[in-house]
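First chain A sits with chain B, and in the next complex the same chain sits with chain C.
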Partner chain A sequence: MPITLEQVSFSWQAEGVFKKQVLNNISFSLHEGEIAALLGPEGAGKTTLLQIMAGLVKPDRGTVKLDSRTIKLPGGYDGQIGMLFQFPEQQVFELNIYDEIAFGPKNQGLTGKKLQTAVYQAMQSVGLKPEEFLERYTDNISSGEKRRVAIAGVLAMQPRYLLLDEPLAGLDYEAATAVIECLHNINQQRGTTMLIVAHKPDRLLPLFNRYLILKSGRLITDFSSQSALSIAHILQQAEIELPVSLELIQHLAKAGGEWSGITADSDEIYRKIATRIRDKKGEE
Partner chain B sequence: MGLRMGQYLPLDSPIHRLDPRTKLLVTILLGLASFKAPYPWGLIIIVSMILILVAASRVPLYHYWQDLRPFVLIILITAAIQLFLTPGDYLIGHSPLIITQQGIAGAMGLFMRITGILLLARWLTATTRPVQLTNSLETLLHPLRRIGLPLHELLMIMTLSLSFIPLLGEETVRIQRAQTTRGANLRSGNLLSGTKRIIAIIVPLLRGAMQRAAYLAEAMEDRGYEAGGHRTHLYQQKLALSDYGLFTVVAAAVVLIL
Partner chain C sequence: MIRLDQVSYTYTNSISPVIKNITLTVEAGEKLVVLGKNGSGKSTLARLMNASLVPDAGNLTVNGLNSRQAENRRIIRQQVSLLGAMPDHGFVSNIVEEDIAFGPENLGLSPSDIRKRVDTALNLVSMEDYAAYPPYLLSGGQKQRIALAGMLAMQPAGMIIDESLDMLSRQGRTEIINLLLEINRKQATTLVLITQNLEDIWWADRVAILERGELKLLSTPRQLLSQLQLIEEMGLELLQITRIIQNINQTAGTAIPTDITDLNTLVEILCPLL
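On to the complex of A and B.
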């Protein structure tokens, strides 16, 4: 069953001279098993929208429904929606890593071996070795590691919906790869639905099967496509900075040749370009 | 979310342009007068002056109401106690809830005094930057340095403490949200689970506050702050004709009324 937003509006400071409309009449449904990107320029309202969907902020108008039920705030989702905050410092609050990751599963009633397994699995899925990190203090790890701890804390609860705010920010290449693989796997294995906010979505592009674009608090685009050229076109129209791979394929398409069948996976794009160059050299 | 209680509102008004020392002295004078002014006419004049200052600040009334709202219940309860429990000339009601003429005067007076002082406090903080307020206090209390009081350091501690209060509020909301998204039930439960919940919030809150204080100290030292060192001010204080005018009018009114 989907999570549905119906005409959701929100403003900071309900009245007065500093009133700022953040979200304006947002309506869409997130269907089971989807991985959707929520894109838009800074200040478009992406983070606020995630907070409303997670039941942390009450909209001024409109409703958020989960399985056709309007949810009571705050946190009326019973752990069905997991949210990763924009900055791990906003999320990590326990003294050591084990307690931090175990916080959610404990609230779900897990104890003993089951609890330990949930924590270990979550850590491994984001590339954190339990034997190395389990007892370490959350204040004594790097920001990239803290980001992974925050993700593990959410994954350990096995939520049906994941709302992720910049999941790859601050991660090095290897850690980012581990997180992308992890997100792909839990989507495939458990059918977890995801809405992912990303400023530079380059490496996440292969995951997405839907794009929601916010601008000045309005949902200006909602489209589904895998085609690199279509995605590049839509992103450009929404004035969002194109990932390098999409920019490259767009230039190549403008220069001529058939590039329309390529998906928005940078690895695939570079592979196809290399193949074409090789073929061209072979012809010469 | 939105504006914090008592936050400075950067607007353009004659009050915003006044010297912060004038606003501080006017606040002290009118605040004292609100307590001491005789009911009704003395108090009416003082409250009217406060209302004129509030209107001249061009801060929308909503922002005053926003900061007044948490005190409404306390004001009403206190006024009701005055109304029903003040002995005097019988007017209406049955024992034990009897309203007397003195009771009405007491309740009205109390209502006007507390509301006036709260409006005045909000007027000052809405139109004056905290750092300007601290500088004004430092200037006004300057003579105390002669008896060896580390005035600047004390005021710096005061400013930082005041700025930490809303931050602690924000930090509490942050921890509550982080726990809510991971299934913590922050509402229902018995006394024991309620206590556990509070501890689960207070421990990271204190840890975070101490860490923030350490970072702040480091950041200040990195930028050359030194206890006891000579510092210049970004906002230069300069009294204008309007400052002398307002202070004279308020001081004269207060002296005449008291």
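On to the complex of A and C.
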């Protein structure tokens, strides 16, 4: 049951003097349960692509299909696609956390027990204990918690697809760790499909099984792999600076080591290196 | 240039102070990084430093002007510019070049001087092709470049950059930091960069670490990078290369120096061990 883009193009101000082609003939399918990265330099069209997929912006040409049904754009998703904007905590507007998360499902028509269940489940998915956070004020929690409240607000509408625009931007290490863990759990427990925009994807790499790379509005790469070396190669071709762990593996492979089986997870990378050092010590 | 003497600050609707008794002098022409995790008081400190906020206790002076006196604040803000994390909050015009001209116009410069400053600023941030664009058509990173150009056009003696480069790619950030360093070198501009990212501190003369509103430590980047335990206690993210070395050392029982920041050096050490 994929979401499919067919030859989607978009220009800002198509009629005006500042006409700027943002997306050019983009086609791909996002499959159920996938977590894909959407990467590319500043101004490549990443955010606009998410906005079109979320039904907020109407493309000039092309179609978006959900389960092979063409979607009328903009709008028309029945909450099946949720979008988390950049710095979503800026749009948190209710006084307490329950009301904030309940806002979306309430507008979908949920009431009473059903509404409560949706809110509780969403909070659990992002690792915020309802008994601890339900009554707290939204301006009285840390920024990492606020980011997770914003994610829970989208999740409470039970979308099958989650589009996330820079979910780690501005978060410190601990807060980012909690958000990464939360995204992993949502995908595992709910099977939610995700498309994640990140300009610094380093810490998200273990989540991704697919890489979509935009450059000047074109989809230049659509690549599925978890192999550190292949991903390093693809990112480099797309002129995206490599995370240090991938660069290290690439250097070690060039120096003659065999590293092809290793995945793009920095924890696994250091563990493999350490194991080999130990094994060699043992031989000597 | 900026002198803080036992400065404290509490927001009106809050019980505990966000900034606690900070004493710190930023010298003219200095490059200072203020480091701390979310909620440590970094942004509040930034706003105190350009008199957007005034201390509840203690004194803050910029070139001898105390921010307590209302008549000084306008002068302080002209001397010390503050750039925030959200470029959208600062745009005043629907056209990029008009937005950048807004500051110089208010300095009362002649039209030809304003033109010169706008063009130079756009050139510096590599956005000259976007002079006539409306800011809302730009990406997050491009907006941050325009916001920075607006600050550069003011040619302030001090610049405070508060997590304003977060939406740029790593290459983009390095490019902008190099630009700021060049301006610092040529014009002796005081530079204060606020960040939670250890990748962004290598160029600083000093690093000030904030924790829960207190000045925890003043250090050089090199000294700080060797204090792994402290960095972790602060809830900050180690450099990736440091984390890798630390993990390899722990798991393999090696003693690779943790202050290596260059990948090639690490590869040279690792190869014979593998």
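Just so we're on the same page, the second predicted complex is superposed on the first by the 240 of 284 C-alpha atoms of A that agree within 3 Å, B and C clash if a C-alpha of one lies under 4 Å from a C-alpha of the other, contacts with A are read in each partner's own complex, and residues count from 1 in each chain.
Here is the rule we go by: contacts are C-beta pairs under 8 Å (C-beta built on N, C-alpha and C of every residue); 3 or more make two chains touch, one makes a residue touch a chain.
Just so it is clear, the model here is predicted, and its values are computed rather than measured.
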Would you check which partner chain A:Asp202 touches, where first means chain B only, second means chain C only, and both and neither mean what they say? second
Between chain B (first) and chain C (second), which does A:Phe93 come into contact with in this model arrangement: first, second, both, or neither? first
I'd like to know which partner A:Arg271 touches here: chain B for first, chain C for second, both or neither. second
In the superposed arrangement, does A:Gly33 touch chain B (first), chain C (second), both or neither? neither
In this superposed model, does chain C or chain B come into contact with more residues of chain A? C
Please indicate which partner A:Lys280 is in contact with in the superposed arrangement: first for chain B, second for chain C, both, or neither. second
Of the partners chain B and chain C, which touch A:Phe103 in the superposed model: first, second, both, neither? first
Answer with first, second, both or neither: which of chain B and chain C does A:Gly191 touch in the superposed model? neither
Can A:Gly261 be said to touch chain B (first), chain C (second), both, or neither? neither
Looking at the overlay, what does A:Trp12 touch: chain B (first), chain C (second), both, or neither? both
So which bits of chain A does chain B touch that chain C touches too? 12-13, 17-18, 90
Where on chain B does chain A make contact in their complex? 1-3, 9, 11, 60, 62-63, 66, 174-186, 203-204, 207-208, 211
In their shared complex, chain B is touched by residues of chain A numbered 12-18, 51, 54-57, 74-75, 78-79, 81-83, 85, 90-95, 103-104, 107-108, 139, 153-154, 157
Which part of chain C faces chain A closely enough to touch in the complex? 37-39, 85-86, 132-134, 137-142, 163, 166-172, 196, 235-237, 239-241, 243-244, 247-248, 250-254, 263-264, 266-267, 270-271, 273-274
Within their complex, chain A touches chain C through residues 12-13, 17-18, 20, 41-44, 46-47, 86-87, 90, 142-144, 166, 169-176, 199-200, 202, 240-241, 243-245, 247-248, 251-252, 255, 257, 266-267, 269-271, 273-278, 280-281
